């Protein structure tokens, strides 16, 4: 089952030849990973070691877990099995479920490139593979830092709550290690007035900033202070996950009123929605002022399965997309800030209908708007093909922001970039062969899609 | 114009070779037809004979009729022409309209495989072909039961109103014939309070069940009794067609109140909508209890052309899809029953935007949710390609329910399964050639898509 | 960089051979251009000459401008640069932005076929190319009329406001020149009560028609008079751009009331919306009566960027699509007029989700409904592929209306038809090779898609 050199390329021989040549030219470029969820603690200690195959590869990966659940396995079996070898067996016995899925592709890539496992995962091979992985994990120099350098990662951005003290980022800096791991400012815990634990986060915010957050204006001052701190720690971007893309400015007194209600615990869902819309306007304003790249990804019904959420918490595979709307919802924000030369707004979507209809036209006109790569469920070979097919004709590639892996699973980073680079090479090969671009343009665009555009979009010079 | 061995496969030689090999391995598997609209009277008499080409092939097929209407022909010409030979001529003269459509493909397949007609349908060939079909129809052993066995149908499910007495299904059973024809429970005529003739159906329901349906609780008891009767006749599934996917539980008193209004003829559209939403919850509850597979297909504006409906009735080609929404609408139902190991919910859509955005994520997480095959307008080569491309990466193939032909046209059943099996083989060949799956996995998945998954999804052991 | 003979065709050798053969059979067919925005003044004077490359190729093309703006160039640089050679340099320096876009394809086609420019546009080649274009522009026989005949245009329809006196169309007729340039009746300036300058347009309407437009009934009479005048000038079609597809008849008194409010300047947004919906019904009624083809294209948020609109006016690249809905919105109109054999309704969309879900089912059933070609952002190779893939299976090709270029850029007309004909040939080649149609059908359908269907859809005999 070992990985084929020509994997993922279309079968036509001429097309495949061209794709392989384009891919060869970008295969070894450094990885820019400007948006993701890897835990920085992996890098704060020089000798961090992973425990076992299950806690490394399965437990943190809600892509894998949800598929097992969908076929009748239980969270208890997967998350709380006493013997990891036993859980690994269960997983291998069900690995056929991942046929023709990106999760299957990524895992096979990690197993082969990191652990030299080329056998197919089945109940029969389960124990042998477990031992093989385990023996690698135990080798003294198998550390995240070592992998960071083997993976050829130039920069890795984590995603961090607005009240995170970035202790581990500080440790990384202090350690003298040369790996570039930077934080990203994510204020959702503060801007979503109905988020569980909001009140405590506000208190924590006040404490950290030395500002009494008793009014909306102080809240804004505190947020600005946190952004400044994040920047001082290397952050170049912010990240907001919202249900709706609606952006709408409130009057100062309205904002103060709602914020007071939130402090009193009397805020209504409508007020909370209006507040989030207002905070999108404020985030844009701050980005215009401080130059942080503003990322927004709307359109997910989080924790759709309350039974699972109540027992096992968030990020368990039950976040389900809904329709997204950008044209109307973003108009007030773009009216106010969209023409600002300093502003950069990166948009993500799980609603692919917005590619040709809204996002490519917006990115192909507003100087501030750039398109994020195919995201989450669409971070896949077909998702990428649809993305290239649907956005480039209107937006060109220079209004895109390259790739980001958006992963919690550190080991899957090279696999995900491998898929993107192959998908890009395959798409470009087709453009060359059909006479849409010249061959030299293909090579240049391949490099841009694999490396330059991400670096530029996130101001990572 | 005879059918090519390599039809529908992509032209790349290597891809075609692989697709043909995969197809060869599943071509002759028995047909599982777990959802359709074939009239059971075809099988209740051993010597049933079809009348003529027009009443066999054209009149029951609203796919064909709507296209002729769209180009200016009239229902009167098509449905009420005095001389079937004359109507057949008209049809053949317009057969070019079906170029590159599934209707054209299916008809050509039936004509060649059943009637040995390989000529193209034109005005010039019309009479000759008519005679050729007619001579086959008149041969003594050309009966639906004979075709059932020639088509290699393992099981055929019909769709039957909740108040249908299943007389013909009983006759089939009593006849000693071995063909497996089973009913499917469709309660729309009762759960849609505004359906024409609702009051009479309620009376009929009461009569059949020996229950006075004077209250909502009695209504529920009667429905449960009907489900039990259908199960005793071999049914394994229910089927609901709803405008919106909204599922929402009413209080008992609300449900009783609305039901009383319906009995009094004073029910409002809003009440009827709420009632349908409540009945989706109730259907799910019953399925959890009695193990019947619950099928739902929302999102069609039925009888969009009132002039046609008033003169020619339903199912005349003027049912037009609308947007569908599953994530929000289904949440209450899935919250209540979605984690139940005994529950199986099969979802169909005509709104393909829901594939990547809602349906694949739902099916790829909830143990109860399975995806129906590409449906109706999307039961086509391109519809299947889009389906494979858009759902498998997120849901895998093991959360799909194989294929069903959903047809009224008995003769088109093998043609439709032929298209599906070829589309699946072509898609799998591409997966193999691009290194996404191994060759042996391709063969296994081909069999699963063609046969096993449908059987399993509908509990047809 | 010269144009390849086999451009845009899929790379598989057999497919390419078939596509090239199909394309060769239609390449030289006359161009039917039944919907566009070319300025008729180009043809009213026999010796019209274009000024310079910038005012010919860049300034009128909002597709080009928006992309430059999206990458930080300014309207002032592009539109008001003092020295066209300087602006041309700026453009060439940024021409890489158009890689893999239709704009890039069209421009390369025009440059090579009209000006014999085969060099790539870069800062380095900029001056040389400028001179080469300029020298062609200055040659005495380089006139629009000459190009019209070289382009082999059989008929060219312009789009003209309802109050346009068609002076230039009259001049063309009077000149004795044989080119067929016809107007299209576009009443949006009158039917959108909130359009800037509506009141003045109403006065102008009254003046031109000699009818005092002081009531809705007079307004309707005046519109009918204008339609009659347009028809007398060769028009066969009308064109309406609306935000929503909603069509709904008002009572006479409602319509009169709203119209009076508009005259008084007190009309509300809701009233204006209702009026537009009513005018769609009225337009349909008039079309049934006078036989003009009714075109409607909904779903664009015009002038999304108010700063740009205020400073530089409309059509600057900031029209952004929104969701469209046809099934519900059009039902009242189709109920009233959809079965009328004299009525022809051509629908366009920027929301591709409506292709399989709404438009193909509507066009595949109603005798009056035809589908416009892929429009605006979707007038591209991928847009056409998606269109063929998504509409033909349900609607067939005979409910399509061929191609229209919809362009303001006269020189891009042959380029756009070249793309369409190649896309059609490529799609048909694939249909032939996969056994969906026979080869002779492919040739016939190629001709129909390239020429016959447009002529028939627009009643251009």
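Some observations on this one:
Labels for the chains are A, B and C, by order of writing; each one numbers its residues from 1.
Note that in this section contacts are C-beta pairs under 8 Å (C-beta built on N, C-alpha and C of every residue); 3 or more make two chains touch, one makes a residue touch a chain.
Quantities reported herein were computed from a predicted structural model and do not represent experimental measurements.
Chain copies chain B and chain C are related through a rotation whose angle, from the C-alpha fit, is 120° to the nearest 5.
Of all residue numbers used where chain A meets chain C, under half belong to both copies. The two sides are thus made of different residues. One simple way to say how far apart two chains are is to compare their mean CA positions; for chain A and chain C this gives 40 Å. Shown for chain A are the residues that touch two or more other chains, namely 12, 353. On the side of chain A, the complex with chain B involves touching residues 1, 3-4, 6-12, 66-67, 69-72, 96-102, 105, 120, 301, 304-308, 317-323, 350-353, 377-378, 380-383, 386.
Across the complex, chain C meets chain B through its residues 12, 14-15, 325, 327-328, 331, 334-335, 338-339, 341, 353, 356-358, 360-367, 369, 389-390, 392-399, 430-431, 433-438, 441, 445.
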